[in-house]
């Protein structure tokens, strides 16, 4: 709308792992489909691209259809999703999506997930070979086949995986941490020790919902899902604060960010970048709005 | 008010660890001070006592003043508290509070916390000697001096503690679990294996808030606190579901319960009792209201 | 497909009135293009969005355009939960957030003289896109067959203004006593050389899908689905495809060919 | 201390009007007893409670009674955040949740002819309990000294109806140009044989506490504090005591003796 196009794009020059960004606001993986948005909104979308870098949804080796619906449940001040990481698989991503994502006006970060170190190594090596991919994010919210625990919930299995994966790329390697763990700072420290260039948090909080009707059946096709949105912001802020105090590598903070003031809080807590997820569903241009509000706040306090 | 006094008290006969209760709704530890409420509301409070059993706030060996204020922060659909478990200490509790709590119209459950097995043994043994105490709840959301992790966040240290504590009492022993762990069902299973008679969950989610003003200082005197209320209900429901599926002992489910329908969801998930915490702050008689709404729901579905 | 301006924008409620069980909203949306029949918008109140039952609504809600031109949009909704409840209480002059037009609408061949006669069959909150489509067809000189099914008189009231529409009600209080699909079968028995455009509750759509597939009558179904974003971002609104995999109702639909589905899911 | 009926109850807004910067609410509370000066209530709207900034308010909010009898209560509030914002928009006839009266009010010795003359000093949203107290004293044949401090004319407007009140404003637009504590010092210099009843922002209360403790003038301070419950359940509203440990403002206060504190905390 008028206001968005007339006012200049937000400018808060930021460097993250060697990438020069216009401002510190990016998207949370899996919460924005830039290719679909281009079809829906046309050129106005590219002209007003809402993020300073674009993070792809999670890519796996094999094609995934994702979970059966229903996949969404609205909660007090938030939502649960059980999308199930649908994606075209590595080959499909590289062939169909990468050329379009490479044409976006901002740097591309590709998020990958594998259930074994071998899978992750293959994914990371493949991304390393792509110039258009400027950084790689590992989604470690995936059950370790041995322990059953998420790889990212357990410092030991995360360290083990990273020892194998880290050598596969010279690109910035970001570890996307899970909040569903006893001490996320411990996990972040393990990631740093094993050569991660940055950590991103929080992913969604494990949650569930029952179908209306009263027989206790789960509503979600995936039975459980992940909670996001303002409801989790105070938990996310605590985890980002703890992690930023523990590690020296840059932190991407996210979880319920809706306004510039929230972004500022995560930055004050020690984050270098912030990511916006759920708020983009309510306001597709939220990234730009939040960056603008942040710029105004910084101007005031400066 | 009129409606409350005229209508008969809720009746959903429930047995929990050998205790016969009028209905399955109790209070969350530390969220209701029956002695203070008696002073504020007089006899009308005892006539309409909102819970089927009363759970004391957490009692420690030594007197605790609690955390410096501010102790409260309101979040989207919830709140953070950093109260810091103020209490008169075991001796003060037994001398001053127990006689008054024993006179309440419902069974008394005493919640205790210690940072070592020895402390917990002393607390539990002392409670065991009191006829007025019908069950003992262990708050294990307390850092293990060795690992730094909460005792309740780690199945191993919890099992170790329970091996020492369990023999100290023949009364029902309830373990109040922390949600700040990777796999709460694993911890619950450890509690069951070591002889716990029941588990209660969820305690609050670790969270924090920054002071208004923008310098990033923490708002809470305790720096971090625990989030409660509807914002965490979907997370609590997922944890209660996972625990009830894993263990055979009864479960007390709580976390953001505000209405009979929410209580019904936790019961459907496998809980034997539900506890109401934060909602009592908004509606002091919430326990009775929720039990009534639950009774109506059960009547419909029966 | 009409392309939407990027982002949500502030529109203003020009008028709201209740017709039977439904609320009709007229919205002034200066900055938006005209929608096509079958396209939808994500709507939310700019204030008081989130204090309903269980602190909801949180996300915006999807509503089909019942019409739209020259910066005015029309919607019809039923108050069935916290989101529709709040929207039904918008005051004249009150602002609201709109994103859209979104999704792929009905396809009416160009030149707009379809070889097959159009039958527009639906019911409940599925009638707005059909009303929009029928107006578009009429303007193009095509007289479609309109068939609406409703629960009762209260719900059927919305159709009173259309003299040509065939009505069915579950309780027989208005028009045919029975299902609108019975009216559809009657029409197709008379003359199967038709294209069916349908929108309505899942059960009705599934019945229409079956009827049309059996008779090899082309049908376009406007689906509903729980949505978080409405523009392809969340992957939450999917329906399973006959060919396997899923389609996003918001960007691949909401209008899909009956042949693309092997069933219309309950939600 | 007046005992409250257990639980929250539904009251009705009888009238609301804006006087300068403040909103005056008259509430019909049939089932409640009359409050005492210094007691407070927890208030919340029964609808639209939770859709303000950051999805707040969630918890009820504490407000001192500005008066109350025969099932009517009066409150005065300033719109400073989501809770007061929503309450300031309550409509005549709209229901609201009330719990109370709560806490310990001011102690005015019985028989009600205090040996020392009462000085009621306060400001901002601290004036309601002092207005209530002064009315109670007047009814008992005692003429208290009233001293109110405000930011400016807009805020001072509330005191216009009181002819006897001494006013101080930060900007000097009304009455004494300066702090209300300067007026208090003047009074105590004239005649220290007084009891001070005070309510106001922390900074003002702290200054009043210092002044009275130095001069050994007995003072009762009505404190504010962030509250979740208002009835002793959450232990969230504490203030540190001079003797060590903490007191719950809601049940041990809100009125505390100046000597009980070694400072009035900022929040």
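Letters A, B, C and D mark the chains in the order given here, with residues in each chain numbered from 1 onward.
Simple rule for what comes next: contacts are C-beta pairs under 8 Å (C-beta built on N, C-alpha and C of every residue); 3 or more make two chains touch, one makes a residue touch a chain.
Only a predicted model underlies this, so the values are computations on that prediction, with no experimental measurement involved.
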| item | value |
| --- | --- |
| Any chain that touches chain B and chain A | C, D |
| Chain separated most widely from chain B, comparing mean CA positions | C |
| Distance from chain C to chain A - Cα centre to Cα centre, in angstrom | 34 |
| Inter-chain centre distance, chain B versus chain C - centres from mean C-alpha coordinates, in Å | 48 |
| Touching two or more other chains - residues of chain C | 50, 54-55 |
| Junction residues of chain B - those touching two or more other chains | 75-78, 230 |
| Chain-level touch network, classified as line, ring, star, complete or other | complete |
| Touch list for chain D against partner chain A, complex | 54-55 |
| Chain B contact footprint on chain D (complex, rising order) | 3-10, 31, 44, 50, 54-60, 97, 99, 102, 225-229, 231-240, 244-246, 248, 251, 265, 267 |
| Contact set on chain A toward chain D in their complex | 77, 230, 258 |
| Residues of chain A touching chain C in the complex | 1-2, 4, 30-33, 36-37, 39-42, 44-45, 47-48, 57, 65-66, 68-72, 74-79, 81, 83, 86, 229, 278, 280-285, 288 |
| Residues of chain D that touch chain C when the two form their complex | 47-51, 55 |
